[in-house]
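As structure tokens, here come the structures.
Each of the next two complexes has chain A plus one more chain, namely chain B in the first and chain C in the second.
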Partner chain A sequence: MSTAIERPRWTCALGGALAAAAALPRTVPIIHAGPGCAANFAWTQNGASGLQVGGPCAALAFPGTNLQENEVVFGGAERLDEEIEQTLKIMDGDLYFVLTGCVPEVIGDDVDSVVRKYAHRGVAITSASTAGFKGNSYFGYEEVLKTLFAKVLKTKPGRREKTVNVWGLPPMMDVFWKGNLAGVKDLLGLLGYRANVFFGPGASLEEIENAAGAELNIVLSDVYGLEAARLFKKIHGVDFISLPPPFGAAASDRFLKLAGRRLGLPARKISEIIKREGRRHYEFLEPLIDVYNDMEGQRYAIVIGDVNYGCAVADFLTDDLGWLADLVFVTDDLSDDERASLDKARSARARPRPEIIYESRAGAIAEKIDGRWRPSSTKYHNSRRPAFVAGSSLDRALAVSLGAPHLSLSFPVSNRAVLNRGYTGYDGGLRLMEDVISSAILMR
Partner chain B sequence: MSYLDQRVPPKREDRHADTCLAYGGTICGAQKPGRVCALTAGADRAFTQGSICPLLPAMGIMSSLPDTVVLMHGAVGCGSCAHGNNGNVRAGHAARSGQPVDALWLSTALNEIDVVSGGDEKLARAIEEIEAAHHPKAIFVVSGCLPGIIGDDLDAVAARVQPKIAAKILPVHCEGFKSRFMATAYDVIYHALGRNLLPAPTKKQPREKTTINIMTVGSMGRVDELELERLVKELGLKANFFPVFSDPDSLPRAARAALSVSTCPTHDDYFLIHLKEKYGVPYIIRHMPIGIANTSRWLSDIGQHFGLGPQAAALAQAEEKELEKALDDFRPLFQGKRVFLSAGEYRSLATASLLRELGFEIAGIRSFHYDEFADVEIEKLRREGQDFSWSVANVQPFEEANLLKRIKPDLFLGHWHGNNNAARLGIPTQVIYNTGFGYIGYRGAYDLARRLDRKLKNTAFTDRLGRYAGLPYQKSWYRREPFSLIRSRA
Partner chain C sequence: MGKNIKQIAIYGKGGIGKSTTSSNLSAALARLGYRVLQVGCDPKSDSTNTLRGGQYIPTVLDTLREKGKVAANEIIFEGFGGVYCVEAGGPAPGVGCAGRGIITAVEQLKRLQVFEELKIDVVLYDVLGDVVCGGFAVPIREGIAQHVFTVASSDFMALYAANNLFAGIQKYSAAGGALLGGVIANSISAPYAKAIVDDFAQKTKTKIIEHVPRSVTVSQAELQGKTVIEAAPDSDQARVYLSLAKKISKHHKSTTPAPLAIADLREWASKWGRELLRMESGEISSQAAGI
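Now for the complex of A and B:
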């Protein structure tokens, strides 16, 4: 383990929290931090989130206190007070969300008392502590969730029949978050359920406030959002299940089985749905058979990604395309407990999975890829070729060195434009197939 | 004592007392008796939106230098802007060597324990590990906000580790909260390069008699360098571009040049003075070679320095004549269209001069800051006799949105990430800089005209955006005065 992190494939807690808060419906984030944080995140998303930056309140338009030396010495609470007061007169929103960065948290600003003053006046305002030194962007996303669950949700909203809550895909860190949430909404629709997804175009503040009335919480990750799910259960008594984002048909089958069973649907009904969707899915896939077969489309694959993408992409390539995803690198900075629970969750799944290698340094990843993946002049060489690299845009140099095609899926994605593309669900699987195969045959 | 003899460079507001961040009015209204421009230096806003700290432009320059590593000392988010810079870095390497190369940056990712117990040891270890893993020529060790508050001593760590490693360690002081002006970044970078990568001066300083240092800015691409190289070559001079994308081994050449020329006056004075005082390299810092007349002035200054005034004048005349003819294709479409610009101080003003030359009418300008260097450009714009909206803001889109609703320009030119407002309001937009596109010199003028012609020939993208994309402001905001949040705190 090296002391410094090479090309971190994430930003800090504030960056993750800001991307999340900006994705909440009708919400205006207020950044209480030093002066460069907002632009830093805009630049980060510029090069890493599939060309998506900001949200309705875009990039540099977030209100912010831009703390200076004067505040570092004398405290920044007064400046925050002034900023909130003006924000309420200028920015148009139904929820104001104060996020704190490193500077105010080190100097010890009492943010809560400033925010409370406005809350007492009836302003819909809340805050989360998201200093960069407390964690990375996944941590920041989770802090936003926890804040919503603890401070924004109504405590006894009354039961909302046939609804579930879904989270676990951090906006902008999951570059395909909008499409992925929509795909999961569709899957739950097949079971007759409405999903509250909190973030993006499909969400509403009214739904969020009443989220505690849902029947079940579904966390689309083996790591992100689990702590928030435990908090939700403790406060509101709603149980949760967790599984990786369901990319493609096989994972969607698993999702429907697990979610359907937990929601109390009869097993026969679930398998009918799965059969019907499978037939529809393969109607689209069938015309691919000839050419895919004749070009010998099957590949060995190296998968490099964050927890969600590392696992879900490897599962998709293995279970849907029948590829040999022999090397799976997870690039997140996980605690030992998180690694153990991720390994346990993976080994519990049907097919044997390759063991995850935890590594984010490009050089160290390259070192772990042995001679079998590289060209050789040996007469009989049982190589891992033809190979494919499914990773981030930082893994292009590796792919070039292997002579392998490459597709950017996990943050950072600098070389793809992403709007509503998603890979979850049956249709998402078709899109992922299109993208994977298209990048393998670019020269055709 | 020179600034570069001190460990930490001064901030802009201390070095240039006039530096201003908040003004709203007109270009002529900023005039005061006996002064070209007089704004309230301490002015700021009671409401502010996200801004840009010195770390961002600094990162843009640092990450371009080949065979160097940037080590961010701060929380893990500080410097993640490198993801955004990386596209420029890859394209810049491809334009120069044919191969895209990813920038290499690392973060000490200070955590809660480090905040309490200090990050010096972690920093020292990280530097040694970078040396062992990457063997770079130089390591930029960059301070974000945290080390500046918890009291880490970058320079002491660098001095302690330096004897153990071959790479030059360059401490860079970029604590965001220490300066309100991102222009401080330029001084900070020059400070690091000047203190650590230039040779000790000698009694008889070696001199390359026909080499000129052309100071580059992070927003200049290879295409712009080629244009300037082409022009000075016509005068028999060799261009030494400094510092963007310069190999650390080639930086000492700057001390041997016969002249240094700025391409962005607010960017370069810190270092040009240093090169003159320490190595006897004279300098010119007056014009930005953006715009036709500006380019000719820039060229003429260089010519006169070398006693090549007539040659420079003849070259400029021939270039202008050729360009004017080529621009005829575009003038009918541009004539009288009203344009609004928003960008860095110098760039916004110089580009306005260029747009006037192309036939546009200036409807408004927003400059990210103001300092004395801008006076010469402001005078050029005033000389035309027309007044227009001019404001000074470190971005602040809320003010801009209000202005745009009132002014309703036909075209908007904005900084990187600065065209969002205008596009949402349905105004055709053009990015005022993005490395890889030409803006500089005669060819830059033509390239920009060609791109604007393309933009104005089909405005469907922004037309439809304007119909459907909203802005995040209350309706009542647009009824208030755009500059009502500015207050003077002199």
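Now for the complex of A and C:
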């Protein structure tokens, strides 16, 4: 181990899995873990995700086995059995989702056999192995997806015309997940398609169970959910496309073109939709344009975010706002393969994109910024001002030190309250424009 | 701590005769006048059976599980010669974590301060010797046992296990852990068997404390649920255990062993393998080989 974890921008596999399972419609997660896991996620994770802490079966109200020394020594299977039995009596749900933490995975509890017993009784129940030592929250999200695809989806449910499945925005790790999924659902609606989004208010268990009947899977990420997409294809034979979350008009145009083409829609029809939506979009944007020009609204931007936000925000600032995304940091702990595939996916897209710097450590990010943004006494030095920092709450101090305005977009976002705000689609782009410009002029 | 309690741990591969050796050693120490406590640290919970007429006793972990806490009189039982018997216990095979069980049980004993109350002279931990995880290394870590003895036969797998144990002792030695007292060579009858364990001890810079011959007396005693010291106190085998007990009671200075690297251990074993093959084929006799 050569580097320390410094201001991590994720929690553990159980955290990501719990956020995902809790976001499934009418689903009751059951945590099989030692004490403290769920309580930590309540604030560290959900609180830092735009304060989305409460709920009837959320954060501090999950059933959990709360494993003690007794279970560590003698095994926790009996305790899990008891917890499931009691949960079924008092927690009303249509799906029960057992998630394991580190303790039962270390001692080797046979969770499957306990869960199978209830499944044989006709209970809709499943489980995923999500020990924190196996990976971070993004890994946990992917494990939940894989569990759904392998264990919950019906095989051969019959073709469901004009439907697609959408994933790739991990609940809570994507702070604006609810609004973002709704925005993508609307975009696909423009193409005449109904989207099954699995998570949040726009999803239903009936749609999830029949997801294998969809025409296409759309992964809104160049990294998250791709492994699950390959598994889906292997089990159910449905192909997938992947692209970053479409923040704003330019990305929504690209999204509609790619998805529309893959769904076999006539190019002319797609162009018409894009034209119509563009007209509507720019009508809203128009009043701001003169002010933007008169105020010299262009900025040098430093973008710091996870794979989805780092790429999509940098693209939005470049394409929709005409800003200079000077430094783009992707903060995920990616493998070399994942980095290579992300670089390849980005370079394959039409425009040259700002180059990505892979760096997880906040201190190292600050050093890299210093190296390039340090003030100089040279007369013609490019001072890269005025500046703007689009990152997370963790990057606020950096913005202050640069004298730059700042907006939290990527996890953690603990300085904003988020309900249904989303940045995908044309209207999402307007909201992102409002938030970015408002932050830039906040001190007026 | 008022008086100086000698705490020793006996390790050895499963089935090597570790519990037999431990129980006979405890019984022999008792006969020499020491107040002894034997702690079985194996989930099988049968370490102290022959000290208790073949009977199982409630384990620390089972008691803890049922009652939430343990009292000394619920887990400590007197056996032959006044030897106090404790079984740590553990989960059923294939579930839970036996290693954590050992840690929990030892913590309970420390908490109860039974050594002081019972005026114990010698505490003997009988531990499953494959040291598969940190829990089984607890008795050799700081503050528990001072001396470790390993029971080994001339069987190579037993010596591999002993070598692993030596690696564990070496690892903890710098942090004030227990040191190695020596090897108790068990079931040593064939002439070459003695040569093999002696050679192993020399190579790993330790010593053989006692050569314990294979004996039918042991089996006979165990079938009665007794130690040899109880069942056949005047037998040759009883004298061997008494000799071992005397040596261990006087033992004060343990050392850090020098475990062989895995490649060296394999090379050493195959050298002996070739030697044994030559003896078997009659190419050389054990006498001609000088052993």
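Just so it is clear, the second predicted complex is superposed on the first by the 429 of 444 C-alpha atoms of A that agree within 3 Å, B and C clash if a C-alpha of one lies under 4 Å from a C-alpha of the other, contacts with A are read in each partner's own complex, and residues count from 1 in each chain.
The definition used in the following text is that a residue touches a chain if its C-beta (ideal position, glycine included) is under 8 Å from a C-beta of that chain, and two chains touch if they have at least 3 such contacts.
Everything quoted here is computed from the prediction, not taken from an experiment.
**Q** Here chain A is shared; do chain B and chain C fit on it together or clash?
**A** Aligned on chain A, chain C fits beside chain B.
**Q** Which partner does A:Gly75 contact after superposing on A: first (chain B), second (chain C), both, neither?
**A** In the superposition, A:Gly75 contacts chain C only.
**Q** I want to verify one number. Taking the Cα centroids, what angle sits at chain A between chain B and chain C, in steps of 10 degrees?
**A** An angle of 60 degrees, rounded.
**Q** Looking at A:Trp10, would you say it contacts chain B, chain C, both, or neither? Reply first, second, both or neither.
**A** A:Trp10: touches chain B, not chain C.
**Q** Quick check on the superposed pair: does A:Asn40 touch chain B, chain C, both, or neither? Answer first, second, both or neither.
**A** A:Asn40 sits against chain B, while chain C stays out of touch.
**Q** Which chain, chain B or chain C, is in touch with more residues of chain A?
**A** B
**Q** For A:Leu67, is the partner it touches chain B (first), chain C (second), both, or none of the two (neither)?
**A** first
**Q** Considering only the touch criterion stated at the top, classify A:Leu394 as touching first (chain B), second (chain C), both, or neither.
**A** first
**Q** May I ask you to decide whether A:Ile107 touches chain B, chain C, both, or neither, giving the answer as first, second, both or neither?
**A** Both: A:Ile107 reaches chain B and chain C.
**Q** So after superposition, what is the minimum Cα distance from chain B to chain C, given in Å?
**A** Between chain B and chain C, the minimum C-alpha distance equals 5 Å.
**Q** Under the contact rule defined above, give the chain A residues that sit at the interface with chain B and also at the interface with chain C.
**A** Chain A residues touching both partners: 69, 71-72, 106-107.
**Q** So in the complex, which bits of chain B are touching chain A?
**A** Counting only chain B, the residues touching chain A are 46-56, 71, 74-87, 102, 104-112, 114-115, 122, 125-126, 129-130, 133-134, 144-146, 149-150, 176-178, 180, 182, 395, 397-398, 417-418, 420-421, 470, 472-477, 485.
**Q** Can you name the residues of chain A that touch chain C in the complex?
**A** 69-77, 106-110
**Q** Would you pull the chain C residues touching chain A in the complex into a rising list?
**A** Within the complex, chain C touches chain A at residues 61, 64-65, 90-92, 95-98, 100-101, 104.
**Q** Of all residues in chain A, which touch chain B in the complex?
**A** Going by the criterion above, the answer is residues 2-8, 10-15, 28, 31, 34-48, 53-54, 56-69, 71-72, 82-83, 86-87, 89-93, 102-103, 106-107, 131-134, 136-137, 333, 362-363, 394, 397, 412, 414.
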